[in-house]
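Mind having a look at this structure? Questions to follow.
Lettered A, B, C, D, E, F and G in written order, each chain numbered from 1.
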Amino acid sequence: MASLKPLYDRVVVKPIEEKEGKTPSGIIIPDTAKEKPSEGEVIAVGEGRLLENGQTVPLKVKVGDKVVYSKYAGNEFVVDGEELIVLREDDILAIIEK
Amino acid sequence: MASLKPLYDRVVVKPIEEKEGKTPSGIIIPDTAKEKPSEGEVIAVGEGRLLENGQTVPLKVKVGDKVVYSKYAGNEFVVDGEELIVLREDDILAIIEK
Amino acid sequence: MASLKPLYDRVVVKPIEEKEGKTPSGIIIPDTAKEKPSEGEVIAVGEGRLLENGQTVPLKVKVGDKVVYSKYAGNEFVVDGEELIVLREDDILAIIEK
Amino acid sequence: MASLKPLYDRVVVKPIEEKEGKTPSGIIIPDTAKEKPSEGEVIAVGEGRLLENGQTVPLKVKVGDKVVYSKYAGNEFVVDGEELIVLREDDILAIIEK
Amino acid sequence: MASLKPLYDRVVVKPIEEKEGKTPSGIIIPDTAKEKPSEGEVIAVGEGRLLENGQTVPLKVKVGDKVVYSKYAGNEFVVDGEELIVLREDDILAIIEK
Amino acid sequence: MASLKPLYDRVVVKPIEEKEGKTPSGIIIPDTAKEKPSEGEVIAVGEGRLLENGQTVPLKVKVGDKVVYSKYAGNEFVVDGEELIVLREDDILAIIEK
Amino acid sequence: MASLKPLYDRVVVKPIEEKEGKTPSGIIIPDTAKEKPSEGEVIAVGEGRLLENGQTVPLKVKVGDKVVYSKYAGNEFVVDGEELIVLREDDILAIIEK
């Protein structure tokens, strides 16, 4: 089974489908933003952001995190039947906590 | 109940509705700026801005601060019935003091 | 009474109305620039500019300074009946001295 | 036989043709992305990224890696009958693991 | 009498009118550049350029210098009947020597 | 006989004409890229790239290298009857090895 | 007699007219580039490039150098009857050697 290992500050996110206009976490995306799901679960994370001084800074998001991300960000793929999005951590706005 | 934990220099702001053309703090947004509320209350803050030298600088705004922010900035969400905006601290112009 | 406390390198300026085509300081804004006042008094200043090395550099303008600023810069608000502009210190061109 | 030795942070990738709408790794590129293959195998890598402090950081991708890369990135060549793409490592989104 | 004290790397320049197609220094601005005067005298200079490491570097131009500056640069004012331009030192191309 | 000594990170490249749709190295430029030759031989190199810390980093390409370069890059000259292109080393994608 | 002393990384160049489609150094500018002379002699140089760390790096071109420069770069002046161009050293592509 294939899986995607993102590079540097990129993360792989599995979008979570809205049902009845809500995501499972209770986040409602307003009408203006409804074209694309923008809640998802982090499936894989890169080793970290490479800074201009050569330092690598580990990412803050972890596998399993539910996140909201900026629509229009990232590239879409389908791997083993699953729709996935690869985006930069900077396109993730917040982690959803319960 | 779900809540949003913003990353890095992002903050979650709950917009405050204007009543009779004024926000509760007495700020009037001129006609040219009336399309979107631009006063709000800070609901959550990220851990800080990541600088190019690897240092993380804590944000200046705190939970509970009333702020004015740049219209057009940020992404909107509805969480548990509350409209929220996630923006970067740099899109916050000033804290409202009394 | 509400007041605005600007963040980082932002300043709050109260525009000074021109009378008979002149500001009180005797600055005449040429016809091409007449749409917006561009002389004002500094009402509040942020704690300083945050540099990429993490250092905060205090601003050069002080409360009470009369300044000329770049038209088109900043965001307008009305607080307690006063029209105010929040701009970055870098949009202030010069301090007016007498 | 000629071969391409990429410079700095550039890599040479041999695109992998989709068959029946799938790449050999089982990655399906959604319809919106079908114009160009975006799975490939790394054929050669540069010596590393040159940072502003003068340091060279070796690349993370290695010869033989299967990767997905951002469509629209890179320049195409045909060398000894093989179609190749030269792109920056930053245009590679993820490594495909099995 | 009011005067302008420029901030940081800004300078105040008094444009010098061309007479018979020449400036007093003998500089002729070719036809394509004739719309705006682009020779002037430096009237005031800021304290220096603020670098990203926090250092302030004093400007190279001094009060009294005759300079040529890039047309389209800067903001125009009239102070005590004098037309003035506030521009960044980087918009000054050269000092005129005799 | 005149020759061009490029500055900093610039290099002088002599384009190699394609014959029968191939360059001598066997590189075929696909139809979409056929307008300009994009294989060439390095004729001269600058002393190196000047970094923001003041350090000069010698270039990786050497005189005599056969290279492929990004079409649309560089400026064309004819020196002693030879067509030459001056481009930045960063516009060189790869060195051709045999 | 007036002369121009360029600031920082700027240089003053005197364009050399082509005769019979060639510059005196034998450089032919191809038809597509014929609108403006792009060979010239360096007349004056600035004290050096100011880096972000505060260091000044002397320029590589010297007075008397024959250079080729990027057309469209720089600002034109006429000083004491001589047409001159002020440009940044980075717009100079190469020094012409014999």
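Note that in this section contacts are C-beta pairs under 8 Å (C-beta built on N, C-alpha and C of every residue); 3 or more make two chains touch, one makes a residue touch a chain.
Being a predicted model, the structure only gives us computed values, none of them experimental.
From the C-alpha centre of subunit D to that of subunit F, how far is it in Å?
23
CA centre of subunit A versus CA centre of subunit F: separation in Å?
41
Listing for subunit A: what residues touch at least two other chains?
In subunit A, residues 52-53 touch at least two other chains, as defined above.
Is the chain-to-chain touch network here best called a line, a ring, a star, complete, or other?
Topology of touching chains reads as a ring, each chain with two neighbours.
Beginning at subunit E, go round the ring through subunit G first and name each chain as you reach it.
Read cyclically, starting with subunit E and passing subunit G second, the order is E, G, F, D, A, B, C.
Considering only the defined contacts, which subunit D positions touch subunit F in the complex?
Answer in residue numbers: 1-8, 10, 12, 44, 47, 50, 52-54, 75-80, 83, 86.
Where on subunit C is subunit E touching in the complex?
Touching subunit E: residues 25-30, 32-33, 49, 51-53, 55, 57, 60-61, 68, 70-71, 89-90, 92-98 of subunit C.
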